[in-house]
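Worksheet: one structure, shown below.
Here the chain labels run A, B, C and D in written order, and each chain numbers its own residues starting at 1.
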Amino acid sequence: MNDAKSQASDDYTPSEMMIISAARALAGVRTVFVGVGLPNIACNAARRTVAPDLELIYESGVFGARPERQPLSIGDPTLVTGATSVVSMADLFGFYLQGGLVEVALLGGAQIDRHGNLNSSVIGDYRRPSVRLPGSGGAIEIAINAQRVFVVMQLKRRAFVEKLDFLTSPGHLSESDRGRRAGIPSEGSQLVITDKAVFDFANSEREMQLVSRHPGCSVEQIVDEIGWNLRIADAARLTTPPTEKELSIVRDCRRNAGRSD
Amino acid sequence: MNDAKSQASDDYTPSEMMIISAARALAGVRTVFVGVGLPNIACNAARRTVAPDLELIYESGVFGARPERQPLSIGDPTLVTGATSVVSMADLFGFYLQGGLVEVALLGGAQIDRHGNLNSSVIGDYRRPSVRLPGSGGAIEIAINAQRVFVVMQLKRRAFVEKLDFLTSPGHLSESDRGRRAGIPSEGSQLVITDKAVFDFANSEREMQLVSRHPGCSVEQIVDEIGWNLRIADAARLTTPPTEKELSIVRDCRRNAGRSD
Amino acid sequence: MADKLTTMKEAIGLYVRDGASVCIEGFTAFICFAAGHEIIRQKKRNLTLIRMTPDLIYDQMVAAGVARKIVFSYLGNPGVGALHCLRRAIEKGSPAPLELEEYSHYGMVGRYIAGASKLPFFPLRSYLGSDLPGVNGRIRFVDSPYGDGMVAVVPPLTPDITIVHAQRADSNGNAQLWGLLGAQKEAAFAAKNVIVVAEEIVDEATIRSDPNRTLIPGIIVEAVVHEPFGAHPSYVQGYYDRDNEFYLKWDELSRDEDGVQKWLDEWVYAVADRSEYLRKVGKETLERLRPPSAPAAAVDYGTYR
Amino acid sequence: MADKLTTMKEAIGLYVRDGASVCIEGFTAFICFAAGHEIIRQKKRNLTLIRMTPDLIYDQMVAAGVARKIVFSYLGNPGVGALHCLRRAIEKGSPAPLELEEYSHYGMVGRYIAGASKLPFFPLRSYLGSDLPGVNGRIRFVDSPYGDGMVAVVPPLTPDITIVHAQRADSNGNAQLWGLLGAQKEAAFAAKNVIVVAEEIVDEATIRSDPNRTLIPGIIVEAVVHEPFGAHPSYVQGYYDRDNEFYLKWDELSRDEDGVQKWLDEWVYAVADRSEYLRKVGKETLERLRPPSAPAAAVDYGTYR
């Protein structure tokens, strides 16, 4: 490794730190279920660094995409041309996802609670919502069948809530509901990766805990954005700042997102 | 129609009479589920006479075959090249057969009983058979899901039995078991077409009855080949002998079976 | 072979009745806006609209007042944002209340499969722990008879009419698609009637040269419509790209109810058919959307005689 | 991209263990006799052989003593008659008793689908009224939770190893097939390990030029073997025809137990590998089986940059 390239940079945005944290978390992973946007960029950055064998799986039915431009949506035709395999959604959800071939899924949502459960359905009452959100798409079965789930979201108080308005996709459920996870193959949410910090669930209560705060973000700033009494892991540490190399790859991926090498 | 061609012939074999009876029974039918051999020839003859829109469906996944030679099996590559659609067996059995698109299925077996139930599994005890037969293949689901079933078999006493050694594919079941047909979409066996006579089940007991004996076959000869006390329909009649045209088409189909026009 | 070629006007007039359940499938691609606009133009009413991703097409149709209910799994403008007309209908009951029946993607696919294969239910590993079964009683759970726990099930969905857009079809309705296959095959086999809309009408021999590529067989098809660019502003693999400028423009203009009605007046009600719509879109735009070639490797089925 | 290219000898040696459950799928076509013969040659024992239609390949393998059990739905020499070695094993326990687990075709397909998609069961409309559930307790019935009756179910099937023969594959195991698709995709996704055997090894770009044609993705494949004519005497669409003379000959010779052993000695044990087998078959026969061309119509995916 080039020494200059492995040096820490201090010239980066919170969103770049979030993407780089997600890319690092994909070290060694072979299959990731992903949408477009930042998670897509994180996956492409991971391919060029810590996960050279990483293949992207899209719910639209695409496996092993080699897009020639930044995909505009998960159904972009550039994902199809040159892919390894393009299948019906029945096969994608049945054989790839439910079949257990997805190691990691990146998910997001409008709200998340302390157990990593996600809401992407409504704000307010389901029947008379103040905001109607998109709904599940494939998120419920992704959360249930991907081997592991990484949540990627901006850290904001209105998103990190004490109680979800609606539980769309199960994380670790609540303690009283935990028994219902018996039929869920996924290990559930492992990480919540944000622009300010990274959280995991490595405690017996499967409760979100701070494990790594990004440089320049104080514990107070983080706690402020969370609607419950946040746990802080004993081993909580400071996130390693992006290296020059990581930053240049992420910026290159953003300019030309999706193009593989 | 050419008068000479519509005239009855008396120069034909019992097997030709059987094929022609089967072809006539397909009048107006649009989709038939079929194996190779005589039923295949009957279907191709029907296409050229009473069922011009008839499409053949093979359990191997072929719809709308246009074979250039006589297929050697239901998986012959000549059935694939030039077909309308070739699909996985999952789709063939799920969407075509179970989906209700098969109007008529032609089935056979080693044994048949008075209610049109078929045995294609074993002669003797299932665990220690004296003759191990091929088994179901797709026959069970074909019998259950085709709208109607025509059985095509040689009339022989060892095949038309009082009691099956094994009930592979349900016809009308027995009277005591009839309730189990509640979950069966098919109307069940409608006709049994043999080299000596044609039978149907048009009585309230759904019991096989003679409706048409082929020219030259006496009621006694027919009854002799049946292992139970055969019913004879009030309206039982003599089968119309093959016309010259029917015979020439069947002979042409046999020479060149499967080739369509 | 029946010739089922007809016009969109006739096909919609004949097969889409007021009160019918209508499914226009195609995941991000192959979205038959030509059919959706004709339904709006013919002022159909009280439809149940079925689609995994309602997309702009159902946003427009709901705004035009054709729908009573939608059955869906993801309400979004793909890669852009929200569907404002649908949100107004759901959040404010404007222009009219809209009944919702909501699933996940795989739940919708499973419903199509159960409908297509006449099964009483389709089992899937989903919904455990979610609030969705609590608001949609059609999502249920079944115990495995092998003693290994519980699995979610969804019931069959059998649209009165499914409309599928394809690259090519023959006049009998045998249709071939490549690219994102979505759930079109399943939705078509599940339907009571199917309309195939195609970029190109080809002879039977073209279809028969590649039988594995036939996604929809003519046997389930009632009508065939030749409608080049019929999926604009969505895309058809190998034929044209998504008109993303329109997707972005819709995000702006659809925030305003009056703006939507003006757009419908200008682009749907005031045009007679798809040809007129395409003339309005303009050759320049259509040409810009055409991709350079990327041919598939040759495949040979062999002649067996 | 991993390079998984290896020899049949190594692939079978590594992935087919004594006592394993082995599935060589392919309905009438694509039957990988090359793999079956190598399993015989390596004297594997106590295998559970899984296939819808055991065909000649399992007739030979059972005669050679590799199997303890078969899981199947149709025991026949397609278009010819009976499988005499299998009949002897079942009717007379010769050369050794054989355990049977019997389904219908759709039941087998359903078992593969359940295995591939990790479902506890697959529902199908079959088996009602049949005696088969009485002799196979794995076939059960489930009540629909929608109150519309009962449906049969079969449990998942997950072979230790599935072997699939394809027209073309890349060295990573991405495999493309056309012609009869049978249940190869389902059986491969259901398996713990997959071996792909191909007529041609092509570069990745050929596979990627037609992604809809990829039936088996490399991600589920452990080993890739290049074995032209590896399915002889069965056929590969577009590459060669079934060697029907052999199917007829087998019907004769397999009636005699000694004849079978002599055939195995000459055609399996005494040849080192598939190349030697093909030299024995002879160029003339192989050339006779090659069909004239019947190319598929062109398809274009378009370049989107």
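Here, contacts are C-beta pairs under 8 Å (C-beta built on N, C-alpha and C of every residue); 3 or more make two chains touch, one makes a residue touch a chain.
For clarity, every value in this text was computed on a predicted model and none was experimentally measured.
Comparing contact pairs by residue number, the interface of B-C is reproduced by A-D among A-D, B-D or A-C, since over half of the pairs coincide.
Annotation: 37 Å between the Cα-based centres of chain C and chain D. Measuring from the averaged C-alpha position of chain A to that of chain C gives a distance of 29 Å. Chain A and chain B have Cα centroids separated by 58 Å.
Among the residues of chain A, those touching two or more other chains are numbered 62, 76-77, 80-82, 86-87, 94, 98, 145, 185.
Chain C has residues 113, 118-119, 124-125, 149, 151, 179, 181, 185-186, 209, 212, 237, 241, 291, 294, 301-304 in contact with two or more other chains.
By the definition of touch given earlier, these chain pairs are in contact: A-C, A-D, B-C, B-D, C-D. Contact residues of chain D toward chain A in the complex are 1-2, 113, 116-119, 174, 185, 189, 207-209, 211-212, 214, 217-220, 301-305.
For chain B in complex with chain C, the residues that touch the partner chain are 30-31, 53, 55, 62-64, 66-69, 76-78, 80-87, 91, 94-95, 98-101, 145, 185. Within the complex, the chain D residues that touch chain B are 27-29, 52-53, 72-76, 78-79, 82, 86-87, 90-91, 102-107, 109, 113, 124-132, 135, 149-151, 179-183, 185-186, 235, 237, 241-242, 244, 247, 291, 294. In the complex of the two chains, the chain D residues touching chain C come out as 118-125, 140-142, 144-146, 148-149, 151, 153, 155, 178-179, 181, 202, 206, 209-210, 212-213, 237-239, 241, 291-304. Contact residues of chain A toward chain C in the complex are 36, 59-62, 71-77, 80-82, 86-90, 93-94, 97-98, 117, 121, 126-141, 144-145, 166-170, 173, 177, 180-185.
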